[in-house]
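Here it is: the structure, laid out below.
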Amino acid sequence: MSASYWLFFIFAGLAVLGAFNLIWQRHPIHSALSLILVMGSLAVLYLLLGAEFIAAVQVIVYAGAIMVLFVFVIMLLNVGEEERTQWSRVATYLGLPVAVLLVVQTGYLLYRAVPMAIRVDPNRFVGTTRRVGELLFTDFLLPFEVTSILILVALMGAIVLAKREP
Amino acid sequence: MVPISYYLVLSGVLFGLGVVGFLLRRSIITIFMSIELMLNAVNLAFVAFSYLHEKLSGQIFVFFVIVVAAAEAAVGLAIIILVFRNRASLNIERINLMKL
Amino acid sequence: MNTWLEANAALVLALIKVLVLVLILLTGIAYLVWFERKVVAHIQTRWGPYRVGPHGLLQPLADGLKFLFKEDVSQPNVTSPFVYVLAPFLSLTLAMLAIAVIPFGPDVELWGVTIRPQIADLNIGLLFILAVTSLGVYGIALAGWASNSKYPLLGSLRSSAQMVSYELALTFSVVGVLLHAGTLSLREIVDAQGAAWSLPRWFVFPQIIGFICFFLSAIAESNRLPFDLPEAESELVAGYHTEYSSFKFAMFFLAEYAHMITASCLLTILYFGGWHSPFPATAEFAFTEYFPVLLLGALTLLCLLEVFRLSRGLHRFLMLVLGVGLAALAWLVAQPPLLAAIQGLFWFLVKVGTFLFIYVWVRGTLPRFRYDQLMAFGWKFLVPLAVANVIVTSFFLAAGLD
Amino acid sequence: MLESVWLIPLLPLAGAIALGLFGRQWRQRVVSALGVGSVGLTFAAALGVAYEFFQQDPGSFPRVQRYFHWIAAGDFAVPLTFYVDQLSILMVLVVTGVGFLIHLYSIGYMAQEGGYYRFFTYLNLFMFFMLLLVLAGNYLVLFVGWEGVGLCSYLLIGFYFLRDSASAAGKKAFLVNRIGDFGFTLALLLLFATFGTLDFAQIFQGVGDRPTETFNQVGVLTGISLLLLCGAVGKSAQVPLYVWLPDAMEGPTPVSALIHAATMVAAGVYMVARFHVLFSAAPVALAVVATIGCITAFYAATIGLVQTDIKRVLAYSTVSQLGYMFLGLGVGAFAAGIFHLVTHAFFKALLFLAAGSVIHALHGAQDIRTMGGLRKKIPATYWTFLFGTLAIVGFPGFSGFFSKDEILWQTFVSPYGSKVLWFIGVFAGGLTSFYMFRLLLLTFHGDSRYTPVVAERVHESPRVMTRPLMALALLSLAGGWIGIPAALGGKNYLEHFLAPVFATSRMRMGTAGVPHTPTEELELMALAVGLALAGFGAAYWMYLRRPTLANELAQTFHGPYQLLLNKYYVDELYQKYIVRPLDWLADRILWQAVDVEVIDGAVNGLGFQARAAGDWLRRWQSGNTRSYAAWVVLGALLLVTVLVWVMR
């Protein structure tokens, strides 16, 4: 029972808890907070998987920027609790069983995908910032540039959309 | 030492929870967050596989997913603000003008 | 028993470090407040705290007690009690979390045990700090939202916008240093500044612009004057922590000063060679080793003089005690092994102290921005400047002239 | 130079494109400079090529220039190839030369007309297509040229599209040509089906391997030949498809000269000559060719006797001259046919242009009954017209004499010809002489019958018009000297020049060894000339000595006269027995039955089905996003289930 073992279970538990809370809470803010929790614990799991850089990016971008945006919007619009309408029969009655089936099968699929024997040693394969960066600027240069364009477009789109017409 | 499949199963579970939220919630924002949750789950799977095959490309892919998610969040939230401005409601069931 | 100790020596050491650091940090913060009040007072030609203890030296203690034992006027109709309570904890925790990865000095060898004055040496240390500071927003935002009151809400909205914007400039300005050092580990960054030309090989000199950007946006990040819009007294009572009282308020308070300290440490590490002495390590500069002793000696003299100047007996006695303590410390530090070990820490603290003083100085000097000015400054001046700095730096490095 | 044959068709195309796109904005001078210049350059290029050509050993031709793959679909590949041999070179020279002169002439003639740039655009385009046709090295390219010239002729006949008669004539020409082209297209398909290729060289190869199809065993070659002939008949205005040509005179006179006299209508002749290998292997087809040609020659001549419109007379003479060419081809004297084509190009162009000059002088009057005595007024035109007339009637020494005589002689002696055909030909020659001199005399001699108003405005045409006339006059005089028969101590260069082209068919038909018996040939010549003189005499007598005689004759032989005057009522017959039934078919059956009921019904039915489906599917679009989400997830579940349970 090494440290990484405990860490995994603690943070996996946190993640699941957060995810569950996310869909359980009726108020968006609480959902957002639980989502942040999920993201944080996922970052730790990434660290356990040796993906340092991704872990950092996860926290900085997801928790630090995207979720801030969410919280910001929620506060700005001062969204209250969501109302309990049940107008979509198919979603109401079919939703849960379908989702559960999906989870079970997906889980089974992934479980089947790899043999149990392969275990995680955080130091065996480390995605250091240097290596990721090198890969990013050699093999994946074009996608990288394209994403920059994407960001720019998204930025302009967001501004155009949210701007009040004078 | 934790078997890698645990990570995969975890990602599967998270994804499923995301789906549930996606289906059962009514507030657009919450649904949006469920989608983000699903993305995260997928990312976890990516990282796990990248560890499994010892290929960094998986992590690169996660990086791209995060970037795209950022863009998506920007636009999506802008849309949400717009919707709220015009409808004074974020209940997705009230936004049903697509019906003929 | 022993075996267990040996088995988890690392763990125990880490725990001890954490405890020590937290204690030092909290007292440090407390006395930082005292320091600030004093300095500002003297800038404004006042005495500042003078009653509690000689020169108000016990003021922080008094404040702490007050915060602890004051009745908590908690809100009856907060938007969400949980978040209301969560917010201050969040901000303080995050503020202090950042300090965990800061190296205060080189490894020191004492009684056969090598101690690394740093809790966690991540090789993504810098990213870690950025991440934590980026999370810092939540404390304020949630606080403002949870208080269910308009001034706090406004304040929190402001602060979240402000912090998100200035984070950009912050991150960009750091990139220059990263390009120079080629690593994210704070320790290695400091080591990269170890060697000296005629003048110390610190990154301020090539990265002066980056330094300025970083310094400004760091001030903004920690919501201090002239960027303390979230708590602008004149506009929104006390901003996001208007509705907080007693220890919850204290937490925000501490968090802010913790931010200051973190920022100063980062400035020191990134741009001013961390624990490296400004003097080249050659024979003719060997005497610089004794600066710590001299400093302590000077302080001792000051205290002893005060003993004769002060009027109240209690204060005289306290001063005497302080002076004797300082003298003892000076003697202790003068011992060769300790003297060698203390060097790095000493320089580090000196530099951090300087920056803290500048912080206070700025606060005492400059007026507050208007909000739109603030945003314009951040987006239209700092960010472009930082980006330009990155580009220029990378060109220089690519051209090979380091 | 020989490699740059592609330049020849390209230049006019460039001119056409430029004019068509920008001509509207340009000043008249620029337009004419460009329009004429392009053709002039083409002529120069043609000369260059010809020069190059003569440098080289005649045996080394035909030479095929491949340029690029035009169509490549599976094993069906059509490259753009040019087929350079004596025949095509000759044609190129004629087309570009005559074309150039006519372009020059047009500057003057069209100066006052509207749509100046349009005219030159069409003309250049025509040159392009004509040259493409002439140079084509494979059937499809030739077909493109073929249809292209048809299009241009349609556009130019209807050039004055404000006149109903003009546009009607254009349509008529187009439709009649369609009939011919139908056969042509069938021939194309049949060729490909038979030989699996459309390349000339390969086709000729393939034909060469097949036996001659004699009368009692007719095969595919005969079929192809007849179908080709169908196309040729349409294009070259032979009986029974000649009807469009006279109406084509609605177009501007230079057009009549260029397209409907000199070049395009000769395309049929050229085509038959080009496929001589094919025809020579199918004697039946050849016989048909000869017969059609002979009939046309005579028939058109008879009509020409009584026409009163100056251009129509020329049109019918054109038809009959084309008949002569077909006759020549039909009896296997391909060289002679081509020879007549060339000379005819010269003198018929000349005649038309001169007629145009007359019309120009009279400000648009075309009825010869309102003319007369113009000889003094417009001498240049008169003299050139006279040259043309002498050439066409075959006055000894003039070009027409040699070529026509060659044809008749070949008809007489060739194993494929016959005395009957020969006799009809000669007689038609006499008629030709009659109506041509009638035209000449009525127009230029005698006392003027036009109104005084017109009288003082009659004027000679500008230089730019008369110069080309003179050039053509010279040609129609000397043009024939390239083929002076041995009987007259000539060398008949042309025949020797074209010999390598037609060598194969000569071998096959055994016309190579036809004995030249000079005395006999001379006798025949004399007969022909005599008939021509007789025609002249008759005309002179009727229209100068006893001007009333013509009308008296018309009175006495009223029936035949009317018959001729109304061109044997052919148009009316066509109208009654072909056009009307077709109209009925198209209207009642194809439109109101097939189109409305079947096709529209099918389309609408599809529409209704789609709408029904839409009505049903519409229910799924509840507009509730959550439901959509649910469906999406359901789909995902399906996929995963398949993944788990099927693709294990």
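As written, the chain order gives the labels A, B, C and D, with residue 1 at the start of each chain.
Simple rule for what comes next: a contact is a pair of C-beta atoms (placed from the backbone, for glycine too) under 8 Å apart; a residue touches a chain by one contact, two chains touch by 3 or more.
All values reported here derive from a predicted model rather than from experimental measurement.
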Chain B and chain C share contacts with A
Ranking A-D and A-B by C-beta pairs in contact puts on top A-B
Where the centre of all protein Cα atoms falls, which chain's Cα centre is nearest to that point?
B
Compute the distance, rounded to whole Å, between the mean C-alpha positions of chain A and chain D.
79
When the centre of a chain is set as the mean of its C-alpha atoms, what distance in Å lies between chain A and chain B?
6
Which integer distance in Å separates the CA centroid of chain A from that of chain C?
32
For chain C paired with chain D, centre-to-centre distance based on mean C-alpha positions, whole Å:
100
Considering chain C alone, which of its residues make contact with at least two other chains?
none
Multi-partner residues in chain A (2 or more other chains touched) are 53, 57, 65, 76, 87-88, 91, 95, 98-99, 102, 106, 109
Could you pull out the residues of chain B that touch at least 2 other chains?
19, 23, 26, 93, 96
Give every touching pair of chains, nothing left out.
A-B, A-C, A-D, B-D
Complex contacts: residues of chain A adjacent to chain B
2, 4-5, 8, 12, 15-16, 19-20, 22-23, 28, 31-32, 35, 38-39, 42, 45-46, 48-51, 53-54, 57-58, 61-62, 65-66, 69-70, 73-74, 76-77, 79, 82-85, 87-88, 91-92, 95-96, 98-100, 102-103, 106-107, 109-111, 113-121, 125, 127, 131-132, 135-136, 139-140, 143, 147, 150-151, 153-155, 157-159, 161-162
Chain C to chain A touching residues, read off their complex
80, 82-83, 86, 122-124, 127-128, 130-132, 134-135, 137-138, 141-142, 144-145, 153, 156-157, 160-161, 164, 167, 184
Touch list for chain B against partner chain D, complex:
19, 22-23, 26, 31, 92-93, 95-100
Name, in rising order, each residue of chain A that touches chain C in their complex.
27, 29-30, 33, 36, 43, 52-53, 55-57, 59-60, 63-65, 68, 71-72, 75-76, 128-129
Complex contacts: residues of chain D adjacent to chain A:
622, 624, 626-627, 629-631, 633-634, 636-637, 640-641, 643-644
